[in-house]
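Each structure below is given as structure tokens.
You will see two complexes here that share chain A, one where it goes with chain B and one where it goes with chain C.
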Partner chain A sequence: MSHYTRTQSQQHPTQRQFNPYTENGGTILAIAGADFSVIAGDTRQSEGYSIQTRYAPKVFKLTDKAVLAVNGFAADGNMFVKKVKQRLEWYRHAHSKDMPLRSIARLIQTMLYAQRFFPYYVYNILGGIEEDGTGAVYSFDPVGSYEREACRAAGSAQSLVQPFLDNQIYFKNQTPVLGTSHPTHLPLRHVVQLVIDSFTSATERHIEVGDGVELYIILARGRGTQGLDSFKDVQELTPHAEGERLFVLRRELKKD
Partner chain B sequence: MDHFPTNWGKPRDEAVDVYSTYPLHSRPRNQVDTFAEGVQHTQQPIVTGTSVLAIKYKDGVMMAADTLASYGSLARFKDISRLHPVGDYTVIGAGGDMSDFQHIQGILDDLIVEEFNEADGNALGPSEIFEVMSQVMYARRSKFNPLWNSLLIGGFKDGKSFLAYVDLLGTTYQSPSIATGYGAYIAIPLLRKVVDGREKDVTEEQARHILEECMKVLYYRDARSLNKYQIAKITKDGIEITDGLSSKTEWAFAESIRGYGAQNQ
Partner chain C sequence: MQYNGGSIVAMVGKNCVAIASDLRLGNQALTIATDFEKVFPITDRIYLGMAGLATDVLTLRERFRFRVNMYSIKEEREIEPKTLAQLVSSTLYERRFGPYFIEPIIAGLTDSSKGSQPFIASADLIGCLNFAKDFVVVGTAEDKLLGVAEGLWEPDLEPEDLFETISQTLLNAVDRDAFSGWGAVVHVITPDKVITRTLKGRMD
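Then we have the complex of A and B:
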């Protein structure tokens, strides 16, 4: 086929490549309970050693029973959340109801894998309440591999937070007192405390984590607010008490 | 696929030539393949502007940038305005490639005209301009053909201040004080000390003073800067952009510096 020799200009070009990605730091975390789910992220956005802003949300409300945390390349993250929200709106118009959590999880995997050869450089954690009323956490890698878990940390302080969670949630390397066993689900108050402690500790030891933390707490239908009452400044985002209820809790973190 | 039948070769049987490729033997062959080197995209900025600074204050937003467009280390164009008004409520300030910035000015000016022609009583505010610019910048980076700029978008509309950043990667954020380029290292610590948490209290005089101070420090330390800059102010009264200002500088200390370059002692 190629019956002519390549001229100078037809040689393969050498290209200096423009790098379309950067890393904007921060950490996200989610824990599922028996009838609740907690999704959290710090609010610092950085590039290199510079803090770009002290308040850039990484956790987003999708529906009354689903919250998505995104971490990695902020521009991709914002675009991804925008597109997921758009797909959920279309679903709402088509079916007159919110998409179930496990379907949102599958939607996210499809949307991520669609970009397999130019990926969204983003780690996603989806938290919420399943249709059976249980708390759930789904975690994803940038190209869409996902699984349902009880807890997951991602982002720059993942390596600091996840071992702590393995120990405190899954009781790894802990032996129960003889004749007793570890609880399978932790109470809400305890989980919220663990999440806040995780972020204060990550702030101490990781330079890209700090400024503030936002916790989204989703309660299953019919569950009371027990475990949440002891915290100050909890703001409810759902307009009425029937159905799942969604709350935000904001705490300052060290800014250095 | 070669779409030139004459390139398909002579028919086996010269009596039957359904494509009549024979005796046409002048075969079109592109001597130079235009796309052999790939489509050329901006791989690096050429004529560049340095830092842009901006802060929120009591009455609105104030923004500063010098008027230099450098060609590498050459101070090539010394009177280029890097602060550009968009509509009646927004100013956009740019660092990075100045030809890309002038292309952006064209996009935005067209956008304002299109919006004016709707004559629906709506005007684009700073948050809308920012949304457009963030989508344009992200779309261009996703096509591997970025607009090589760091942009600050500041404005005041409906009693609210707005200040945001967007760059060649489509990265965005909002903050009470933002600086691009060298300003992010040198001016931000000075600006945050004065502004952050006090946006509602900082007066126009204080705002102007801290920006002038930062522009002076940048002139001392940033080798790609110029002691001629503009300050834009966006308030309820609209947009005001100054002519070229300059800082009072003090160089007497340079006499006593020893250890760099030639000296007679």
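Then we have the complex of A and C:
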């Protein structure tokens, strides 16, 4: 028989666990046009039922022709964007030019898969202009599976937005008038309006979406600004009109 | 709720309402039948839809038929939509601690002698009612339905436009849901007739 008494914690084995991940809500969305690309995300950041901030950007400019939207665990997202930007800077120093979009996509895949057994808890959507001047959207899962698409929604309101996009972008379940066909790419003005409508709808029905939306619009080299003129407060981020041009459009969303 | 799958949506239009459901019956991921209707006529101008556990859908259809018949006999008049909603609610709440696993939707027009107003309502599985003025959704694709409906619906749609809106909403929502689909039935209820159409969707 032992002479000393056991403390409470020694009598019953206890388990402790550190959870390295959090889900910070929000939604991102990107649509590719023939010679432009639109990438958007809401600006609310939440943890459970609490709003941490009403302005935490999820969409980031990588180069003049590439924009990355990151959704999921915000800490991982910010760190991931930081590392992608760093790799793109190294590329610039080595090759004296910006990395092409499809190469950025492949880079993101390798960077995500490098963390295969402790993943970045984020869904990425990359939008921009391809070397051939076409608008492109690449979507990724947290471990790097990726695909080029015409449109993609991700995040907490993906299930609300994606079927709406299937209907309005891909014209799913719609039959064209006899002798006509559905357009493969929609005009810029129409696309921007659809993106804003998608976020307004998602805000209405999802508690983690709201506060504000940021739309990044990338125009291919030599394309005019037609389609953007009807929106006010469009801010240009590129210093000159040669090459690809990047614009940002901000809209308020409901805050409840 | 995901054991058998299935989804229902109802929408208000101008002097009309529409209610639509998919036709799938599954056992988890395995599709058992592709002609399983979940929406039933209660009177000439009121329809009741139930999404959830299929065995409870069939049980409650008979139970509601019985209770509505008893109501008609005692009151010597047809039941009103809001009365049916209360009846559905109390029937479900009776089983508060051992519920029927269904979520109902009621869609109908009020008595024509009192102006024939459109009426929709939904409830959760223990009968908590939701009287919406625009649209209601239940089932395994409810989040998808909510997103599409919020984007497509607008006030005061005429019957044919309401039919198109509810059909597109349902079809595009169930195409993103593994537990719903395999075609749809749409009922558009107007003061003088009910238009019922069976739709083919993606059959996969």
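Here is the rule we go by: the second predicted complex is superposed on the first by the 241 of 256 C-alpha atoms of A that agree within 3 Å, B and C clash if a C-alpha of one lies under 4 Å from a C-alpha of the other, contacts with A are read in each partner's own complex, and residues count from 1 in each chain.
Here is the rule we use: contacts are C-beta pairs under 8 Å (C-beta built on N, C-alpha and C of every residue); 3 or more make two chains touch, one makes a residue touch a chain.
Remember, it's a predicted structure, so these values are computed and weren't measured experimentally.
After overlaying the two complexes on the shared chain, residue contacts for A:116 are found with neither chain B nor chain C. Of the two partner chains placed around the shared chain by superposition, chain C is the only one that A:197 touches, whereas chain B remains out of contact. In the overlay built on the shared chain, the residue A:167 is in contact with chain C alone; chain B does not reach it. By the document's definition of touching, of the two partners only chain C reaches A:205; chain B does not. Ranked by how many residues of chain A each touches, chain B and chain C are led by B. Judged by the touch definition given at the top, the superposed model places A:52 against chain B, while chain C stays out of reach.
In the superposed model, A:157 lies in contact with chain C only, and not with chain B.
Common to the chain B-facing and chain C-facing surfaces of chain A is no residue whatsoever.
Against chain C, in their complex, chain A makes its touches with residues 157, 159-164, 166-168, 172-174, 197-198, 201-202, 204-205. The touching residues of chain C, when paired with chain A in their complex, are 143-144, 146-148, 150-152, 168, 171-173, 175-176, 201.
On the side of chain A, the complex with chain B involves touching residues 4, 7, 9-11, 13, 15-16, 18, 20-22, 24, 45, 47, 50, 52-56, 73-75, 78-79, 118.
Within the complex formed with chain A, the residues of chain B that make contact are 29, 31-33, 36-38, 41, 43-44, 138, 141-142, 144, 146, 165, 169-175, 178, 184-185, 188, 196.
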